[in-house]
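Two complexes are shown next, each including subunit A; its partner changes from subunit B in the first to subunit C in the second.
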Partner chain A sequence: MTRPRFSRKALGIPYAVFLLFFVIVPMLVIVFYAFTDKQNHLSGMNFIKFFSDPTKLSTIAYSLVIALITTAVCLVVAYPVALILARSKMKKKNVILMLFVTPMWINFVLRVNAIRELLNWIGILGEANYFNTILGMVYDFLPFMILPLYTTLLKIDESLYEASADLGGNAFTTFSRVTVPLSMPGIMSGVTMVFLPSMTNYVVSDMLGNSKVTIIGKFIETYFGSDWHMGSMIALILLVVVFLSTMLSGGFKEDENVRGTNL
Partner chain B sequence: MIKKSLKAFYVGLVLLLLYAPVLLLAVYSFNSVDLIGTWGEFSFSHYVKLFTEPVILEMIGNTLVLAFAAAALSTVLGTAGALGIYYSKKRVKRALNGVSQIPVINAEIVTALALAITFVAVGLEKSYFTLLIGHMVICTPFVVLSVMPKLKQMDNSLYEAALDLGASPATALFKIVLPQIVPGIVSGFMLAVTLSLDDYIVTSYTKPATFNTISTYVYNATTKGNAHTAETLSSFWALTTIIFVVILAFVLVANLAGSRKKEGTK
Partner chain C sequence: MSEHIIELQDVTKYFDDNLVIDHVSFYVKKGEFITFLGPSGCGKTTTLRMIAGFDLPTSGKILLNGKDISLLPPNKRPVNTVFQRYALFPHLNVFDNIAFGLRMKKVVNTYRNQKGEEYSRTEKLSKAEISAKVKKALALVDLEGFEKRAISTLSGGQQQRVAIARAIVNEPEILLLDEPLGALDLKMRKEMQIELKEIHRRLGITFIYVTHDQEEALTMSDTIVVMADGVVQQIGTPTDIYNEPANTFVADFIGESNIFNGTVVGARKVKFCGKTFDCVDDFELNEPVDVVVRPEDIVMCEPEKGALKGTVISVVFKGIHYEITALVGKYELVIQSTESRNVGDLIGMNVGANEIHLMKRKYTSNVFDGVITKRNTVEFADGEFECDVTQLYPGSHVDEEDYLVTASGEKIDLTGVEVSVEIGLNDVSISDDETAGGTTGHIISIIYKGDHYRLIVRTDGEEEEDFVFATDDLWNENDYVSVVIPKDKIKLTLKQTEDKKR
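Now for the complex of A and B:
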C-alpha cells in the first residue's frame, strides 16, 4: 500500500532551522536583554526607566513627529500622482509608473548621498537639519506610497465615478465620498510602509541631518555601544509597535511589494 | 484639455524633482573639478579615479560578490523552504509563514541589533559568515514570498501523473514541479540581489571591521569624512551615474520586452 516516499515536506527543514537560529533565537535574545539588568538578573527597570526619562521620551516624540510629517507629505504628493496614473487611458502608463520606482534600485546610500550633494549645492546642508532629513525621507520613501495607492485606485470601477456624477455629486464630493473611502486599504499600507522606515532608517537622518537628528532607529544604535539592555528594550518596544501597526493595516501584501514591481 | 496638461505637468514635475539629485550628479560627474556648481571642463577624471583606486574597486567588488553569494544561497534555501511549506500540514504552514514575516516587516535596525547581540552572546566573531547570514535573513523570506504564489498556481495533478507514469518523487519534483515555478525563483533571486546591494544597516552590524560594501564605504566617507578627499567623494558621482544608467536601461528594456510579449499573445 504505502511505498517509501521521498518527503517533500522535508525540503522545508533547512529553512525552518535557519529561521529558528537566525530569526527566533535573536528575537528571544532581545527579549532576554530587555528584561534583565547588567548582572543578568530579571528586571523590569529598563521598561520603567524608558517611560520615566524625559530625554528619552522627547527623542521618541521628535522621531514620531518627523515620521508623521514625512508620511503626510508623501501622501499629499503621491495621491494625485497615483490617481492621475490610475485613471489615465494612456497606453504606456506602466512605463511612467516604473519611472517612479526605478530610483529605488540605485544603492540606498548612494541615493541619499545624491540628495546630500544637491542640498550642499543649494547651501542648506548642515543648516536646516530637520528639514533636510524630512526632505530626504520623502525622496526615498515616496515610491512606497505611490505603489499601493496606484494598485488600489486602479481597482476602483469607473462606473462608480459616473454613478456619483449622475447622482449629482460634484468632483469634490465624488473624490471625498467615493475615491478616498475606496482607496483606504492603499492609504493604510502606504502609510505603514512610509511611517515605519521614517522612524527607524537612520541613514537618512545621519547623512542629511548632520548627525544632529536622532530618530528611534539611531537611538537604538547609540545604545548598542553602551547599554545592550536598554537598547534591547527600545528595540522590543519598536518591535511591538511595528507588529501592532502591521496587523491593524491588514498585514504585508505580496502585490504591494514595491521592490518586486520592476521584475 | 487644460486639465489634462495640468495633470501631465504635475506628474512630470514630481518625476523631475525625484530625479533631480541623481541628474545633478550625472552632469557633474563629467566635470574636471571636484565641486558641484563650478564647471571646469568636460572630463572623465572621476570615472578614471573610480576604476583605478584600489580601495574603491575593492568595495564595489565586495558588494557584488556578497550580493550574488547571498542571493544564490537565499534562493536555494528559500525555494526549498517554499516547497516544504507548501506541502506541509496547515499548522506547520501557518507557523513557518508567520515566522517568515518577521524579517520582512521588522525594522532593519531591530533585525540587525538582534543578530549582532546573538552573535556576541554565542561567541561568534564578526566575519564573512556572519555578514552572509545577516544578508540571508533579509533576503530569504522574500524568495519564499516570490516562489509561493507560483506554487499555488501550479497544477498538482501533473506531479501525480508523473508518479503514476513511474517517475520517482525526486525526478517528478525536478522535472515537473521546478520548471513550473522558475519565474518565481528568478524574481526571488533578483529581489534578493537588489535587497543585498541596497543594505546598509544589517551590513554595518554583521560585517568584519575592515570589510566594506558600497553602502558602508559611502556612509562612512560622508558622515565621518575626515580621511576622505574630495576626490574620493566625487568618484561616487561617477559610480551613481553608472548604476543609474545601467538600471534605467535594464528597466526600459525589460518593460519593452514585456509589453511586446503581451502584444504577441493577444
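Now for the complex of A and C:
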C-alpha cells in the first residue's frame, strides 16, 4: 500500500479550480444580481418586470422562432446530405464531408463578414433582414447538424434497410420507419447543437440583420451596458430555457440507449 | 412448370470486374428444403441475394412460378429472408419487429352492402388481425409472451427465433435463410436445425438455405446444391451427394475422403495404391481417374486377407469411431472404424467394389494462352517465364540479336507471337520467395491424394489463371507463393501459322 491514493483524483484539481472560479462563482454572481435591485436589496422586481414587459416577452418569443426556423432549415438541408454520404460506397466521401465541415475551422467573424459582403453585392443587405439573419445562421450552424447526423446514419447496419425492403417496405416506409427512428440520437444532438446557439448568437443578427433583428442574446448585451440586474435576470431565464431543452433532448437520448441503438 | 417455384436460367453476376456467379442454372421445386452449400466466396450467398432481390443478375433470368422476376425490387417479391446476423430492428420491440411486414401489407377484403351486392376493398390488416398473426408466429418459434421485450435483452438464440418469426409471419411462398445458425453455439445449432426442419414441415413452403457447414446441409436438406467458384458442382439429394460425388471437390468438401490418382486397367477394374480393384463405374481403358474412397468404407482385416497391406501410423478416438491412418507403401489411407488398433500394427484393408467411386480426372495438364516477348521469354498467367523458343521450329536456333533462325536459315522475329503453353502436373513447383518464379498467386485449393497433395494456385493479376500441380510438401490455403517452372518443361505450340517474317 505504498502507492499514493490521491494520484488519480489529484488530476482533477486544475479543472475543479477552473470550474469554481469561472463557472460556479460567476453563476452565483448572476443569480445575486438577478434578484437584487440597484441598491443591492433582495428583490423579485426584475422577474416581474421581465414577464410584464411585452417587448421583452416578444423578444424571447422572437428568438425562439428564429432559432426554430434555423434548426428546421438546417435539418432539412443536412439530412439528405448526411444520408447520401453515409450510404454511398464512394471512396472519397470523407473528402466531401470535409468540404461541408471545413467552414467550421475558419474564423467565425470572418465568415459572417464574407456573407455580409456577398449579400451586399447581391443587394439585399438591409433589405431582407430576417431572411439574411436566418441565412447567416444556417450557414454557420449547418456543419453542427451534418456531423452528428452523418455519424449516426453511418452506424445503421445496411442489412436493416434490406430487411425493411424484404418485408415489403418501399423507399418511403423504410425511411420513415427505419432510417429516421434509428437516426434519432443524431437528430437530437444536431438539433441541440444548432437550436441553442442560434437563440443567443447576436453577432449574426447584428451584422446581417442590419441591427434590426433583436434576439435575446443582443438583449442581454444591451442591458449589461446599463442595468446589470435586469441583464442578469434575462441571462438566468435563458439559462433555465436552455437547461430545460437540454433535459428534454438528453432524456430522449438515454431512452435510445436503453433500447439498444448500439447493438 | 408450376412445380418449379424458382428457376435460374444461365445467371451470371459480376461485382465490378469480379465474376462471382458463372452461368448458373438450376430450379427449385415447390415445397422442398434446398441448401446452397459451399466454402466462403463460392457465390452461394450472392445467389440467395439475387433470389431475394438485393442483388440483380448481370445476365440471365430468375423465374418465379415461371414469371421473370430478375429485376423486381425485394419489396415486390413474395419471399422473405432470415438474415445472417438477424438484422432485427433495434428500435422496435419483439412484437413490432414481427408486425413490421404485416403493417405494410394490403389485402383485398370482400364486403356485402345493404342491397346485398358484393364489393371489395384493398385494406391494411386490422390491429386484431396483426396481433393474432404475431401471436401465432411467436408460438411457432416457441417465444410466447415475448411481445414486449426489447431486442437487446434477447439471447442470440431468441433473436434468431424472432428473425424467423418476422419472416414467416408474412406467409411468403419461399423462405430464404442466409447461414441463420452461424452465430449460435454447437448445441443450440443442433436444436435449431431440428426445429427449422419441423417449421418447414408444418408450413409446407419452400425453404432455401445457405450454409458452409456440410453436416448441417446433409441433416436438413431435401436437395443440396454444391457450389464452388461461382459454379454449381453438383445438385442432388444428401445421399446422392455423399455417396456419388460428381468430382473431387465435392468428395473432399462433403465428409472425409481418401482421394487417389488411379488408372483404368480393364473393364470395371481400376488400379490405385499399387493394386487393382474391382469397381462399378465404366471408364475407357487407360483413362486417368480420381478415385474416392470414404474412410468408413475401408474394412480392416488380417494383414494377409486384405487387398492392401499397411502399417498403422496414428489412431485418434473421435467418440463414435476411431480414425486410423495407415501407410500403404507411400500412400496414406484414413479409416474410420469402431475397432481400435495400435500404432505400428500391420493391418489388411479391403474396399468393396460399390464403395470405390471413380471420377474423370479434371486436370491432366495446365494449358494457357501466351505471347512471346522481345527477350524470347513467354508471357502468360500474369507473369513472364523463360522458355526455349527453338521448340517452335524444329532444328532452329537463336542468334546473338535474339532472332530465331530456322533450320533453313530464315530469320524470324517472334515478338508478339501467340502461343499455347502447356505444363505438366508434375512440372510446376512453388516457392515462398516472391521473385523465384515467373508469376505469383494464392493457393486456392489443397486436396490430399494419399501420397501427395494436389494444389491449385490462382494468379493475382487480371488473368486469374489457375496452376494445377502435384507436390509432396504441405502448404496452407491462401499462402502467397510464386510459381516456378523449369525452362525445359514449358511446352510451346504456335497458335497461328502466319508469322511475322523479316
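The definition used in the following text is that the second predicted complex is superposed on the first by the 240 of 263 C-alpha atoms of A that agree within 3 Å, B and C clash if a C-alpha of one lies under 4 Å from a C-alpha of the other, contacts with A are read in each partner's own complex, and residues count from 1 in each chain.
Throughout what follows, a contact is a pair of C-beta atoms (placed from the backbone, for glycine too) under 8 Å apart; a residue touches a chain by one contact, two chains touch by 3 or more.
Please read all numbers here as calculations on a predicted model, not as lab measurements.
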item: Subunit A residues touched - subunit C or subunit B, whichever exceeds; value: B
item: Interface residues of subunit A shared between complexes with subunit B and subunit C; value: 259-260, 263
item: Complex interface listing, subunit B residues touching subunit A; value: 7, 10-11, 14-15, 18-22, 24-25, 36-37, 63, 77-78, 80-81, 83-85, 87-88, 92, 96, 99-111, 113-118, 121, 133, 136-137, 140, 142, 144-146, 148-149, 168-170, 173, 186-187, 190-191, 194-195, 197-201, 205, 214-216, 218-219, 222-223, 236-237, 239-240, 243-244, 247-248, 251-252, 254-255, 259
item: Complex interface listing, subunit A residues touching subunit C; value: 157, 159-160, 162-170, 173, 177-178, 181-182, 184, 256, 258-261, 263
item: Subunit A residues within the subunit B interface of the complex; value: 5-6, 8-16, 18-19, 22-27, 29-30, 33, 77, 80-81, 84-85, 88, 92, 94-96, 98-100, 102-103, 105-111, 113-118, 120-121, 139, 142, 196-197, 199-203, 206-207, 211, 217, 220-221, 224, 228, 231-232, 235, 238-239, 242-243, 246, 251-252, 254, 257, 259-260, 262-263
item: Interfacial residue positions of subunit C with respect to subunit A in the complex; value: 52-54, 73-75, 79-81, 83-85, 87-91, 100-101, 104-105, 150-153, 166-167, 170
